[in-house]
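Okay, got some structures for you below.
What follows is a pair of complexes built around subunit A, which joins subunit B in one and subunit C in the other.
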Partner chain A sequence: MKPARPGSRAHNSLTPYVTGHRDAACIRSRQFSCYTRTLRSEDKVTIHFINRDGLKMTVKATPGDSLLDVVIDQNLDLDGFGACEGTLACSTCHLIFEEEVFKTLGPITDEEMDMLDLSYKPTDTSRLGCQICVHKSQEGMTVHVPESVADLRQPDVGTTSSSS
Partner chain B sequence: MTTSRVLVFKPMKSLLTTKFSRSTRFTGLRRLASTPDSCPRVCVVGGGPAGFYTAQHLLKIHPAVQVDIYERLPIPFGLVRFGVAPDHPEVKNVINTFTQTGQHERCSFHGNVSVGKDVSVEELQKAYHAVVLSYGADGNRSLGIPGENLPGVYSAKDFVGWYNGLPCNKDLQPDLSSETAVVLGQGNVALDVARILLSPLDILKKTDITVQSLEALAASKVRRVLIVGRRGPLQVACTIKEVREMVSLPGTRPDMRAEEFKGIAESLKDVPRPRKRLTELMLKAVQGSPAGSGTASRLWGFRFLRSPVEVLPTPDLTRAAGIRLGINRLEGSGEGAWAVATGETEDIECGVVVNSIGYKSLPIDPAVPFDPRKAIIPNTMGRVEQAAGLYCSGWVKRGPTGVIGTTMNDSFATAQSLIQDMGTGVLDISTVKPGSQAITPLLQKRGVNPVSFSDWEKIDSEETRRGKAAGKPREKLLEVEEMLKTAHSRGPETQCTQSRD
Partner chain C sequence: MALVKKMLHLYLRRLSEKAENRRSLLRAAAFHKHSAGQPPPAAEENALPENRVPSAAATGRDTPAKTLNEMPGPNTISNIIEFFYRDGFSRIHEIQQQHSKKYGRIFKSRFGPQLVVSIADRDMVAEVLRAEGVAPQRANMESWKEYRDMRGRSTGLISAEGEDWMKMRSVLRQLIMRPRDVAVFSDDINAVVADLVTRVCQLRRKQPDGLTVLNVNDLFFKYAMEGVSVIMYEQRLGCLEERIPQQSLEYIAALHLMFSSFKTSMYAGAIPVWLRPFIPKPWREFCHSWDGLFKFSQIHVDRKLSEIRARLAAGEEVKGGMLTYLLVTKEMTVEEIYANMTEMLLAGVDTTSFTLSWSIYLLALHPQVQQRIYEEVERTLRPGQVPVSEDIPRMPLIRGLVKETLRLFPVLPGNGRITQKDLVVGGYLIPAGTQLALCHYSTSLDEENFPGATEFQPERWVRKDATDRVDNFGSIPFGYGIRSCIGRRIAELEMHLALTQLIQNFRIQVSPLTQVVRPKTHGLLTPGAPINVQFVDRL
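Coming up: the complex of A and B.
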């Protein structure tokens, strides 16, 4: 199944994490970290995703694409992944990397860190998938899709305080 | 897709497009999917994120379920349209996903139907196997202090509704003729309000903010916005992205009180990273205005350990002239610290007070259990307590906190509970239910004319057309009458719509 593209309204088909105008929206965020975009090559990179149930999904990804692109283009079944379509306005594309790979991923902007801070249990090797571009050096890497997001403030926090 | 041969994992996407034949994969659900007439029918009350995400997940995990969404307004998407700030268009990208759900062949949208008024929950329960309540939080927490109802005092809900074009708030006409505005509460909504009050017009005029509010903001005399919290800097409810936006808002500089941050830097050692980074950002703002904006004429600032005590009236008692704040001290520590009144007070002169201490869900129908203390529908994992066949999701399930991602997760969980109940027989789907076939005639008899998803798309394209002329993404229609006229029109403007029928 081909994901919906800008302008092509997916008539009567529902692929929750596949959405319309994402590409245009992604451009802004791409400027942040996709320095590898220029290195585009036809050689595909093998990437393993471990989903929230521990299932392994292996894909061949195009260098230069963001990991959010990969998830969407390959139609990986990750509910709610990339809700804001790669515009750094949510943390639903939170991914956890292997330490060695993490070190090679390039700097994190404040804006990405702000959103990571709102994700559910960020780790020391967490990044947002929309900010990471596929690179040949990542051949064979495994990324974990962690448990779902949660608000910084749990619903009960406010109620413990008393009004005066 | 050329890469499919290396796909070790077979995604479940097929469940979305395959129809009844696939139902055999659902052991226990086999009996539900014989003919379309006998398919399980679920209706969702409320067309906000919770409603759309619940519908999306139901459609995804059940191959035959029919989902009807009933929404009070002629327009879908709830707070994504009427809450999310106009200068946050990227947040509204979720509309693309909701649109796919709205266009799904097993989903239909019925806008302009107020449940509890136009149709009762009992009537819905008769027509559907299950009813999911996802109607959000339509009220606001009141301050409970003298002067709260004076002109010049607005609830954040109304103020936000006003700049976002919510029909019932279009005539709010907030009085912005005084220099200082006080926003009570330090959540993200408070920061949205502060930012809109202080944003340069050049930024706002490129958004989908209404023309009326843009004009009012152009004439606004408000130069200083104070964001007041009852607890300390380590307990603010807003998140870092929103504070960063304030810090870098052109033409403004922070107006903080350094003494309120005494000892804060030292206490950050053991604080979790998100809270630590947020606090460090505030400390930076305290230390000075950002580079190059020293002359900025507009000010924003936090005030801490202050609880509203009374809105002070003008001498002729006709409107708000200031606010009296009770000074608190903190007991306990960290996120759970609580405020205790010291008995001292402080008065601040201000002609605008925006109450942003939170939204609040309201009961919509006596048939639905409601917990008045927590202001939510009592539930276990989305199953309404002591009410078979009723479910809930979103703010009415959890209370009015959490971003769209939080709402998404809890809506998926509710959908999961519902489908599970179908499988185990807890939810009886053995009888044939008529769904909207029974509701539509009822509505017709009552003079209610529903708006379908393709009707909404006519409104959408009319708004986009008007917006284009003004250099904005859209110019929202503000009158329900006009929305309905556009939705049900067959005139020339409908020719350019992407209506699918």
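Coming up: the complex of A and C.
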């Protein structure tokens, strides 16, 4: 068992923190870490991450974890990934999915769409890793970690608007 | 925990990378003024030698980055006249626009000893924010820190920097940043909205026409204060009652003092300590208003703390919300909790109320737009149904209304960043330690970013489908990234729920008493005159 993230602790130790709707609880259990963590290794899901340099990193992920959890727990070396700890304040966990997998990923919230708008070069199959839960059907999928930022140390970057 | 460790690891690695990058820049540029380990000084472009820019050969590009010396901008004298003589402080948002038209989308200005590089370009703003590290710095918070040191107080999320900030942010964002965590506050907020609607009816009865609410911001101020405190202190304050409790009145007075003295307290930080005996007022007022704010938070935090202790002593289960969680888990010290409650309350009241006031004003000015939003609400909710967070996604125009209001009247017309590494932006090399001003007011009213920029069009934010992307770095009223507004989701919920119910219940009309209301900068972008509106019953 890995330690629970601070957020989940909030809800375990002080359940009445939840004063609202049953629906909200539904959304929570649908999206986040809802499965038991004590799974045998054969229940794990193989996921390939292609990093920003094009290198492939293969991991065994636990169903129910978010892809951000996977990156953190497996210590994948992706600089700046998941800066806001999955609280939908940034888009640094931007991932690009294969089209077939993308279709199976489930609904996207307005807040996630707003954050994707602010990601660096989003595509039609982009999602935020913190919002995607690992599922058995994703066995063997490949996700691309796109560039997150232009290199501001290069002098030609950022000149796009300097003509005005 | 793993995440925090990872962040720290990345932070340390970035520091070493930073040093490495700097070394290569140094080699290329022959030398550089500041070193990575030291707190960066205010950038002094005039003091820097001419040959400090990386040569084209060193960077492998044909066009070398230009120095800050070459960056256009108003001179110091004209800035002094503009701001001190012509009271430019209340027109900062307009000056921002004028200067960017005159000097380009990146320009420099001087405010006394402080050099500021203003960026009024959507793409450059995006580049700067995407490049930021794990503990971005907004501005020099020395005067805030000085007050806290003097009184033995902790810093909070606004005033803290570096690791202190990272630690507190990490705790607080887990409680109030995820939309689904905030959604559970719908019922609490709706209880406040119900009081707001009742209060509208009470207030309009006092006017001869039986319809007008005078200075609607005063009402929204109390709504926002009630909303924030029901979430943060887990307690109602009675701000929307006919007779407001004395304690809440005192707090409202402290907040008003904070804002009315904002201009002078801005000088409080700018006036050197040795000058204070000669110009004592700004610093005195600054301290006085902070005293009031801290006192209020402390009363409420202490009350909750003794409640918890009493329950524990009686062997009862402790249940509660955000404050209870913080007090029970002790992830932050009590002083840190006081400071954060104080700073979050300060940040979460007038920001929300101004935005609600502008929204209502815009709805009143645009009856056809209001009608379309009303029809959407009617289509989505049953008659008299009280909306909750889960209903909002089905009313894209309500979200569009808030976004469009904040585009036209970004409550923070500009945001600050102090660069933590050397950046090339807009073709200029900006050394680490430079104060940047991100000009949100200019970018959100830029015709290139938003066609028909001065028009009120909530529809522009409605997506055709989930892959319909809006490149909206032009309007980021809550900021972006790790140091963006922590109260964003709470504020959105408060505004969505209040606006939906107001639109549901009333047709909102401009009162003949209201002249054209223009924005004014007073720390924040505020309505320059009272907004008086008529609330006519729908039915």
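Annotations for the structure displayed:
The rule we apply is simple: the second predicted complex is superposed on the first by the 106 of 164 C-alpha atoms of A that agree within 3 Å, B and C clash if a C-alpha of one lies under 4 Å from a C-alpha of the other, contacts with A are read in each partner's own complex, and residues count from 1 in each chain.
What we mean here is this: contacts are C-beta pairs under 8 Å (C-beta built on N, C-alpha and C of every residue); 3 or more make two chains touch, one makes a residue touch a chain.
Computed from a prediction, not measured in an experiment: that's the story for all the values here.
Contacts of A:E139 after superposition: neither subunit B nor subunit C is touched.
By the touch criterion defined above, A:I72 reaches subunit C but does not reach subunit B.
In the superposition on chain A, A:S148 makes contact with both subunit B and subunit C. Of the two partner chains placed by superposition, only subunit C is touched by A:I108; subunit B is not. Judged by the touch definition given at the top, the superposed model places A:K60 against subunit B, while subunit C stays out of reach. Applying the stated contact rule after C-alpha superposition, one finds that A:A83 touches each of subunit B and subunit C.
Under the contact criterion defined above, the residues of subunit A that touch both subunit B in one complex and subunit C in the other are 2, 9-10, 13-21, 28, 73, 75, 79-80, 83-85, 87-90, 92, 110-111, 113-114, 117-118, 122, 148-150, 152-153, 155, 157-158, 160-162, 164. Within the complex, the subunit B residues that touch subunit A are 1, 3, 6-9, 11-13, 16-17, 53, 56-57, 59-60, 88, 90-91, 93-94, 96-97, 99-101, 103-105, 107, 230-231, 235, 237, 239-241, 244, 273-274, 277-278, 307, 326, 328, 335-341, 358, 398-399, 401-406, 408-409, 412, 498, 500.
Listing the residues of subunit C that touch subunit A in their complex gives 1-3, 6-7, 10, 13-14, 21, 25, 54, 59, 61, 63-65, 104-106, 121-124, 126-128, 130-131, 134, 170-171, 173-175, 177-181, 183-188, 318-322, 324-325, 328-329, 331, 388-390, 392-393, 396, 399, 422-429, 463, 466-467, 469-473, 476, 480-482, 484, 488-489. Residues 1-2, 4, 9-22, 25, 28, 44, 46, 51, 55-60, 73-77, 79-80, 83-85, 87-92, 110-111, 113-115, 117-118, 122, 148-153, 155, 157-158, 160-164 of subunit A touch subunit B in their complex.
Residues 2-3, 5-7, 9-10, 13-21, 23-24, 27-28, 31, 72-73, 75, 79-80, 82-90, 92, 108-111, 113-114, 116-118, 120, 122, 124, 148-150, 152-162, 164 of subunit A are the ones that touch subunit C when the two sit in their complex.
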